[in-house]
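What follows is chain A paired twice: with chain B in the first complex and chain C in the second.
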Partner chain A sequence: MSTVPGVVAINTFREAVRDRVLYNLIFFALMMIGASILVGEISIGISRLVIINLGLSAISIFGLVMAIFIGVGLVHKEIEKRTLYTLLSKPVKRWEFLVGKFGGLLLTLTLNTALMTLGLAAALYYVSGNFLRADFSILVAVYFILLELGLVTALALFFSCFSSPMLSTLFTLGIYVAGIFSADIRDIGMLTRSPAMEAAARAIYYLLPNFHNFNAITAAAHGDAIPVSLIWQNTAYAALYAALVLVAASAVFSGRNLK
Partner chain B sequence: MSGQSHTRSLRFALVAVPLLFAAIVWLQTRIDAETATIAAQKDELLLRSGPLLKKLSLGYDSLLADIYWTRAVQYYGSKVGNAGEKFELLWPLLDITTTLDPKLMIAYRFGAIFLSEPGLGANRADLAVELLKRGVAANPDDWQLDSDLAFLYYWHLKNYPQASAAYLEASKKKDAPVLMKMMAAEVAAKGDSFLASRAIWTEIFETAQDPSIKKNAFQHLQSLQAQQDLLELDKYAEDYRNRTGRYPASAKELYESGILSGIPLDPAGVPYILGPDGKSRLDPKSPVTLDKVLNR
Partner chain C sequence: MGTPAIEIDGLTKDYTVGFWRKRKRRSLDNLTLQIQEGEAFGFLGPNGAGKTTTLKLLMSLIFPTAGTARVRGRSIDDVRMHREIGYLPEQPYFYDYLTARELLDYYARFFGYPAVERSQRVTRFLERVGLAEEGNVQLRKFSKGMMQRVGIAQAIVHDPQVIFLDEPMSGLDPVGRREVRDIILDLKRQGRTVFFSTHILSDAEMLCDRVAVLLGGKLQGVGAPGEIVSMQAYAMEIFFEMRDGRLLPSALAQHATKIGERFRVEVPEEQLYSALEQLRGCEARILSVAPLRPTLEDYFLKLVARDRASQHPAEPGDAQ
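Let's look at the complex of A and B:
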């Protein structure tokens, strides 16, 4: 088993830390402190809800911004700085390089998400003075966000293999938004009452990554239990889809003329 | 040379940044004054469709629901006490909030109070019923919304059969207190009753976690107690007149005649006042307020 992807991943992680990517945690911390103090003053009976909703939404948004903006630059930066040529002159396969880059960013996102989750827990404890058994759903929601970020990272990496960072950002954002609305696309197809349109809409529905699957924020805020079956199904879905995208990215990147 | 240049830039920045910031603050104050009339008219909702907002929220619908609920509370708070206020945006705000997060119980429970209260709210018990019915449909296992719906039918709409049916529905749900079944029977049998109302507010007072809800329930309980006391005192004043041919001049006189065993105090500990017409009332200094005008 090759250790190359692991080495690339560790270096990608170190580079992200060196680039002060984790500074976003300061904004997150300030936001949670502000919300914890203000929330009781401006509304009625939803302090806990606001902290959970705001915390999970911020974890998701901060993570998405990082996944997209860093993800699209992973390959481009190496080409621009010409470090990729040095790397590929060594016994490193292109797919190993891509998988390593993916793993490194995922590791950064995992650390970032874990630290933000700690911040959320602290704010929640400050507001309500205790933790409930139902709060376990928050951890599941965070895990789902991480799965979503993994998928977005894979997509960003895929687009960055053949286009500029700007276009890759637009493509990834476009696929993300379309993935949220995928169920609506399927439903619109059904409304047309045309078998061809319905089939096409259904095909798009399955083709697009369904990001709606990973939204458990509302359930977590209300302390609703999230079925174990959904946890493994979402895990498998994210793993399979990310694998599919990475395989496609490797194929595209292998054929790319880097001269 | 480069060091000197850096020091010069730093000094310039130290002077220029505060100056520019002061200029910005001054300018913003001018702009605020200029746009004050526009700001006064901004009491509007650009998007009134809950389902559309849910789509546009890109999955962050529960956070948006919290924002809309806070907006509804702020809106209600800014309008309450205005004579003739119709609270026109209250229903759309609550509609959007509960569409974005159909499980936001507080929005149904408090929203229904804001909508239904005749003096302190929109006086739209019909919309409050619609809101609670929507809440019951979205949260079929929760007995509290059925209980609130029953209270609305009972207290504001005086529809006792519907109130009894809603209490009965609440009693069938998980964790519902035995009281619900009793209420169903009580309301069905007696109609307008302080006992039923007091039982509901007591339940809210004892189960509410939020201090503001607890305080509100406590105020209602005080009001109910005062209403009951005032009606009782009226009866004692009438008894006194039957005995002596005139109304008592004060509650103290009632006590001295032996009709009462002590000076009657309202729930805040302030003595009640008796008028020359034999009608009792709260001392204006008392912090207790009545929910409704007594029919006597």
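Let's look at the complex of A and C:
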């Protein structure tokens, strides 16, 4: 972590921790304890399903809120408070700053997700008294959530390079929602029977990040095995897409006048 | 003469203003300057003159419309140039969740020092700016003066050869200004090139080998403070006291100002001896006689007045 992006990343992580960003974990822990007690009353088979569904959905939503709201402020805050002026007077390239900021938030999100997963595991153990072999799918689902959060962070960072936090939030949220339904957009294009519309819908399908593929919550809740090929595909897809978004962000940010 | 520390060649910056009807506003106009190694160089001008724009261009925070600049032979686009410079922005603000020690350590990391050396440097530079006791205090608890000092510390923590300071004395109390002045003098003694912008002219006169005056984005003059304004006295100033019951000589009475028990009078140099004779004639006690020279401030104010007059020429009806 002695590289320039590494130094920036560590500081970004430190900022999140000192700004008490991880306080949401307390809320999550309380929610999981409450849910465990509540579903303890329900029959044993469904209680596992409910806990896993609730826990993974909460991990995903908490992570998304953090990725978007912190992500859109990463660059803006540094410009607004002029801390970036001093930083860029050091031997720091603009793309290194962006990659560092991305890495720092990803580190924060990873820690946050890991701690929430521990909370989920504790709740699951409280309800069923043991772990099953099929519960490994939960870890894969958590991994997919992290990949999704990485992509969302990259998008938030990209928009924050040229627009206000409010607009960046709207853009990122918009892309996220559209990305969940990207397959439906393609299907709608096919239903129109117009070659132009179909081509346009297909282009949008390929251009938008496909967030649908990262959702393995239902499979994990039902104890279904997640194919290894999907793990590789999702990993490669998220890494490539996030890298392209960061390259675009660097290109935009490198030419920006910091007035 | 070797490579200049700073070479600015035709640096120009236009901003686009307006939402619907976009138009260009020139913030810096064809600035050309050379600053030698070891010089303390003052960059003077009123607010909006283009001083901060110049510094931001040199730091590559904004990009020039035209022109180039080099620092110690390296283009300002070259990130390696940043290894040899330090920069204090105007009204600096730092990560307030960090302590002063953590902040300096953070910036020192970009220069690749090993941990032990970094720690020693941080301690040394905290002492140098008088913050040794406050090293472990979070910056959110720092006063403006302390923030300015930590700002200077971060600018010099890697021993740069060229230091850029944007309004380093602004908003400081007399003690703070004195401390910053001492730091600049210390850097100068070590042979560093110090380029600082200011509108506090007395500081520039005291610290600078040369100054440049900027107005409306245009360079108005550059040279030693003594060159830029004539050092020839334009009048003589006499302070004196009158003995009880004695009256002022009538020729001086209309020009003299009473300050407490003393009188002050300004006379042209050629009339000095005649004025002194008159004062001796009425047994006045001469306290001091000193030449009055134009200051950088006079020069500066004259330029501002000329600029304003050229922007708003007097209407024919104004005199009535």
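Keep this in mind: the second predicted complex is superposed on the first by the 252 of 259 C-alpha atoms of A that agree within 3 Å, B and C clash if a C-alpha of one lies under 4 Å from a C-alpha of the other, contacts with A are read in each partner's own complex, and residues count from 1 in each chain.
The rule is short, and it goes like this: a residue touches a chain if its C-beta (ideal position, glycine included) is under 8 Å from a C-beta of that chain, and two chains touch if they have at least 3 such contacts.
For clarity, every value in this text was computed on a predicted model and none was experimentally measured.
Within the superposed three-chain model, A:T83 lies in touch with chain C and out of touch with chain B [touch as defined at top]. Contact with chain C, but none with chain B, is seen for A:R18 once the two complexes are overlaid on the shared chain.
In the superposed pair of complexes, A:S194 makes contact with neither chain B nor chain C. Contacts of A:A221 after superposition: chain B is touched, whereas chain C is not reached. Looking at the shared chain after the overlay, A:S164 reaches neither chain B nor chain C. By the touch criterion stated above, A:I180 is placed in contact with chain B alone, chain C being left untouched. By the touch criterion stated above, A:Q233 is placed in contact with neither chain B nor chain C.
Touched by chain B in one complex and by chain C in the other is not one residue of chain A. Across the complex, chain A meets chain C through its residues 2, 4, 7, 11, 14-15, 18-19, 81-83, 85-93, 255, 257-259. Contacts from chain B toward chain A in the complex involve residues 55, 58-63, 65-66, 69-70, 73-74, 101, 103-104, 106, 110, 209-210, 212-213.
By the touch criterion given at the top, residues 15, 56, 59-63, 79-80, 82-83, 85-89, 91-95, 97-98, 106-107, 109-112, 151, 154-155, 164 of chain C touch chain A in their complex.
Listing the residues of chain A that touch chain B in their complex gives 42-46, 49-50, 53-54, 57, 60-61, 177, 180-181, 184, 211-212, 215, 217-218, 221-222, 224.
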